[in-house]
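The two complexes that follow have chain A in common; it is paired with chain B in the first and with chain C in the second.
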Partner chain A sequence: MSDIALSIPQARAARPRSAARVLRTVQTVSIFIIALVIVSPLLLLVVASLKDDRFQILADMGSFRAFWVSNPTLSNYAEVGHLSGELAFGRYLINSLIILATTVCSGLIVNSMAGFVLAWGSLRGRGVILSVVIALYVIPQESIIMPLVIMVSRAGISDTFAVQIVPWIASPLYIFLFYQFFTQLPKELLEAAEMDGASFFRAYRSIFLPLSLPALATVSILMGIETWNQYLWPILVTQTDYARPIAVAIATFFGQDSIYWDRAMAASVLMMIPILGLYLAFQRWFVSSFIGSAVKG
Partner chain B sequence: MGNRLLWSLILFSTMIAPWAQAAEKTAIQVMHQGDPGFVAAYGKVAERFEAANPDIDVQFIYAPHDAYNEKFSAAVMAKQLPDVMELDAPFLANYVWSGYLQPIKPLIDKDLLDDMTESNIAQGTYPIDKDLYAIGLTDSSVVLYGNKKYLEAIGARIPKSVDDAWTREEFESYLEKLSKLDGVKWPIDTFRGYGIKTEWITYAYGPILQSAGCDLIDRKVWKSEGTLDSDACVDALAMMQKWVKNGWVVPQSAGTNQFFAEGNPAALALGGHWVYAEAAATMKDNIVVMPLPKFGAKGASPDGTWIWAITKTSKHPDISGKFISFLLKDKEFRAYVASQSGYPGLKSFAAESPLYADGGPMAIAFEQASKTAVARPPHPAYPTITSAFMQAVDEVFNGGDAKEALTSAAEKIDQDIEDNDGYPPFGDEQ
Partner chain C sequence: MVMQQSTSSRPARMALRRDKGRLMQEAAMLAPAVILLTVFLIVPFLLSFWTAMTNQPLVPRPTPVRFIWFNNFIRIFKDDLFWTALWNVSRFTFWIIPAQCGLAFATALLLHQNLPFRNLLRGMFFLPAITSMVVVCVIWGTLFQYPTGPFNQILGFLSGGAIQPIDWLGDPEWAMFSLVLLSAWQAYGFQMIVYLAGLQGIPDELYDAAKIDGANALRRFWHVTMPGLRPTHVFVLVITTIQAFKLYTQVAILTQGGPKSSTETVVHYMVRAGFEEQKMGYASAVSVILFVIVLIIALIQRQLLRRFDV
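Up next, the complex of A and B:
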């Protein structure tokens, strides 16, 4: 009788433990499946880039063979990695890196400065300027692209790196993002700096900018992706391979009659690496920025 | 500080200045599209041309196929038109009407002009002044490819000439039989994978409407309503919609090679002449080339391809003409184009292409050029015509109503013509 009485609570305690274990297993399996689904396009891209037959790549699509390569080869990478010649993808990749680095670095400086002035500056009509900045954000890029083409052509900067960098440095979205971030920091910081004799610019450079790592990371990643994926603009304003980015070069593989999937995949992998690196470098602050805004919001 | 300024200046000038152009050389700019093979081939031709003409520098401007028109528009707006440009033949009327091109006859070697096939002359001629504005090494066509093994299995008749083409009834009955045959996943590949950003739909499906007894636009009065939305066109498009609904057509998501993909999942292919080289490489003798079926009283097939023109703004039209002549005569370039099953637009190139000669595997494709080829409407409104028609076909293939879609397309086309006062002198011809 007593044995029975003792065994009942034990059984009750064991049930929740096993239920929790099952739940954890279900969670783990679900996360694994979701991760697999998210990673599978990238995996497919990498695997396809190691196949040397473009028809085989298409034939394998739609089956698990798409994720397997029996005789991996780096020949596609060798073909697209040249620094000179008609298909100098190495050269295009370097062009893209120059454009990315310059645009993002300049963009961080210009947009953060503008955001700081709008947040704490003693400028008259700050509210109006802020409204204009927000209003500019809703204008679609497509509607201004042709007038912009005429402007840069009259400025004589077509077919240069500058034409792909300068128009995209200042952005209403990123100015607003910095503005929002700076307004969330206590104004006492600025007042304290001013009492210590620091100029407005010094307060921005030495106090507010170092504190804005999450905003800098967010803008770097968003701006980086935007710059890296520019396609139509470089086609419109560049003529030669002098400053053309890799996104345009990859389009060569998508002809009217044939699509060269093998080389397109290899070039896409090469194109993906720098932007993935940028994301990984700033990931910590990028995530904390989102968490921070969620908590504050 | 001084060093910093100097480095900044160096960096700035590097970013601003394009590659220093070779001094003392006369440069011509050539705008083109094409896949990596053709891009490389053009580059090699330019090297040989520059070697033969050391005082000339050929600079290429590559524009991806799907953004070619946008690039051209930007070049026009920025007043940066190249000297030589590749253009898709049906867009020629629009470019000439807009004043971008100059007559090419005085600038091209006479032996090349005499060498052009009739279809090649037609694709480069502006119908108003009947002058030649562009020339190409090649032309094009679409044929019906068949998998011999599958066709024999259903007892299909294999046409031997254009006059012998399948009728609509035969074609549809074969599609139905093929759909039930083991090994056939889709009875036909109509290359929907090319999407609506290329000319494919208008180019390849337009002749189906023309064969059925209608057209994209009335070519006498240049009005689309009453023609594109006529019963014959609605019926033809509804017929194609039925093929799609029945699951007979390779879907867009399956890519562009299901006819010659491993396992041959598609039994037939309504494909361009360029498909032959790739298909023959994998299918060997199992491929048959047939004329496009007759969907009405007569057959119809497309023609026209990317051809070379010289812009009106060119400062060196004579050198530009010299380069085009060199390109079209270049032996190695011709050999490359022939290896890609290039469809001859010059008689001498046809003689070098056993593929298209009598008895050759693609002879039927060449036969179509003289018997059934119908050019796309040579009218300045063509960009609107093709865009409206492609949208209509896409809508219908995705389940839309054929009559509604074609009526809407016809209205768009007529509206564009009206907005441009009939594109005179085209309007004056009415």
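Up next, the complex of A and C:
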């Protein structure tokens, strides 16, 4: 370790403009330190989840022992990972995964198709629909949730998976993002495809959709985070464990008088893993300029 | 287009058929989104205005639902708790804008440089944004512990014991401020991405030109970066404000509106009216008010953006 530390300044000194390089190193190191401070609560969460004694977790919180675990154990994970039982979160995790996968997949299809028609279709009233979609973006979810609860309970579909999926598949924001992305692609692609005898749908599916990977990735990440972290809607429409997502389960568990901190921490880490995986998988295409284009909308 | 080609020649007829087929395909591709948006967004939105003027309960009662015009709104405006809630979200907004947007802007400026491990750093800074608010509440619930939680220990250590432990979530003076800290930390990642996009949108030529003119880094920041980011600033301010007015999850999990109503918010007030007091009509009226607030903020954004000519 010390060898490496010593060799760096020597290597630097041998090159010209070493002052600028030192400055740069200092800068990089300080940014890493800031980043570590920012993620430290999450590190703390992971470390605490490896401690078996819930009283020890709180006792350690006041010192640097919060970031250290002497004999790590996965027993909390084993405990909360079960599929049934009082503290079992495996069930809720699977529920959430089902909801996540279904919502995002259908959302990608429905919103991209709509965006494509709005971008390149020749249907009459297209412009009107586009303006309505953009206008609908202003309505916050919280403003429609009360009538929606009445609607789904009247329809007798509360406490199901469908009620947590279907209402959030179509979204003005994602339709607009796809619309914008498709309009940036050359229209000649469509004309060429139709000249070759491909249908409108075929052109969308075989040419435009594969080209829209950045848009698909961005919408997957945004929609995934949104769906995964839903809290208000599921607490209003889930009454039993049948389709309850993990966010609601953790919150219920957290609200109890004697909090099992060790298990709560383990369940929280489990809840972070799938969405982190989704982010890492698509991060490469999570093109920031793409969100930037939404700024002007 | 179809009309112009309506001769009886064979290729034209084929073109007509193809056009018809194409229009059918377009309609079929647009239909799922249109139907879903209508059923789950437009209808409940319109219903909320009607429900807001009735005494609709949560569970159906034998007595019929009555239309009571603007009585719900009058009752809301007469309720001190509603005004407290509105005041609280305004206070929250006032604090979270500098905290969250400042953090987002600063990290975006740091990350915009050509650094090693850029993607790793970006991911680290973005990590809180993908963390569920429920998980955030579990973590920060322990950080805020009174009197021996980490924050109190750090404050005590830094001040040499001069600062007494703070009851972050239990003291009416501190509870809302604590929620500001937690919320800013959780959500700044998205604003950071928007700022990064804004920074990328500023052409390099402007910086080169400024350099040739002899402008130093600080001047380049003030005369190139800041004007170039004007629409981004407006966008970030507006989404932060709208999000702040919808404050709910943190309150529901950590403070339930307390202590002494110091963290009561508009959405929490709405959910309580609808589900604890079972008054759906009343709750819908609150949701209509929330919509009007969000609409006003969005209209202000449009005006500002138009002024900046983007």
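The criterion applied here is as follows: the second predicted complex is superposed on the first by the 262 of 297 C-alpha atoms of A that agree within 3 Å, B and C clash if a C-alpha of one lies under 4 Å from a C-alpha of the other, contacts with A are read in each partner's own complex, and residues count from 1 in each chain.
To be clear about the criterion, a residue touches a chain if its C-beta (ideal position, glycine included) is under 8 Å from a C-beta of that chain, and two chains touch if they have at least 3 such contacts.
Predicted model only: the values in this text are computed from it and were never measured.
**Student:** Let's test your reading of the overlay: on chain A, do chain B and chain C clash or fit side by side?
**Tutor:** clash
**Student:** Using the touch definition from the top, say if A:Asn71 reaches chain B (first), chain C (second), both or neither.
**Tutor:** Neither: A:Asn71 stays clear of chain B and chain C.
**Student:** Give one of first, second, both or neither to describe whether A:Val133 is in contact with chain B, with chain C, with both, or with none.
**Tutor:** second
**Student:** Based on the superposed arrangement, let me know which partner A:Ser18 touches: chain B (first), chain C (second), both, or neither?
**Tutor:** It touches nothing on chain B or chain C.
**Student:** Please indicate which partner A:Phe201 is in contact with in the superposed arrangement: first for chain B, second for chain C, both, or neither.
**Tutor:** Touch status of A:Phe201: second partner only.
**Student:** State whether A:Leu44 touches chain B only (first), chain C only (second), both chains, or neither.
**Tutor:** second
**Student:** Looking at A:Asn229 after the superposition, I want to know if it touches chain B, chain C, both of them or none. Which is it: first, second, both, neither?
**Tutor:** second
**Student:** Chain B or chain C: which reaches more residues on chain A?
**Tutor:** C
**Student:** Once chain A of both complexes is superposed, is A:Met61 in touch with chain B (first), chain C (second), both, or neither?
**Tutor:** Touch status of A:Met61: both partners.
**Student:** State which residues of chain A lie in both footprints, the one left by chain B and the one left by chain C.
**Tutor:** Of chain A, residues 58, 61-62, 146, 149-150, 231-232, 236, 248, 251, 254-255 contact chain B in one complex and chain C in the other.
**Student:** Within their complex, state which residues of chain A touch chain C.
**Tutor:** These residues of chain A touch chain C: 27-28, 31-32, 34-36, 38-39, 41-42, 44-45, 48, 57-58, 61-63, 66, 109-111, 113-114, 116-118, 121-123, 129, 133, 136, 138-140, 142-151, 166-170, 172, 175, 199-201, 204, 225, 228-229, 231-232, 236, 247-248, 250-251, 254-255, 261, 264-265, 268, 271-272, 275-276, 279-280, 283, 288-292, 295-296.
**Student:** Touching residues of chain B toward chain A in the complex: what are they?
**Tutor:** Against chain A, chain B makes touches at 12, 14-19, 29, 33-36, 38-40, 42-43, 59-67, 70-71, 73-74, 77-80, 194, 198-200, 254-257, 260-263, 272, 274-275, 278, 282.
**Student:** Show which residues of chain C lie in contact with chain A when the two form their complex.
**Tutor:** That would be residues 1, 19, 21-23, 25-30, 32-34, 36-37, 40-45, 47-48, 51, 56, 58, 107, 110-111, 113, 115-117, 119, 121, 123-135, 137-143, 145, 148-150, 152-153, 185, 193-194, 196-198, 200-201, 231-232, 235, 242, 246, 248-249, 252-253, 267, 270-271, 274-275, 280, 283-284, 287-288, 290-291, 294-295, 298, 305, 310 of chain C.
**Student:** For a test of understanding, state which residues of chain A touch chain B in their complex under the given definition.
**Tutor:** On the chain A side, the touching residues are 55-56, 58-59, 61-62, 85-87, 102, 146, 149-150, 152-153, 157-162, 165, 231-232, 235-237, 239-243, 248, 251-260, 263.
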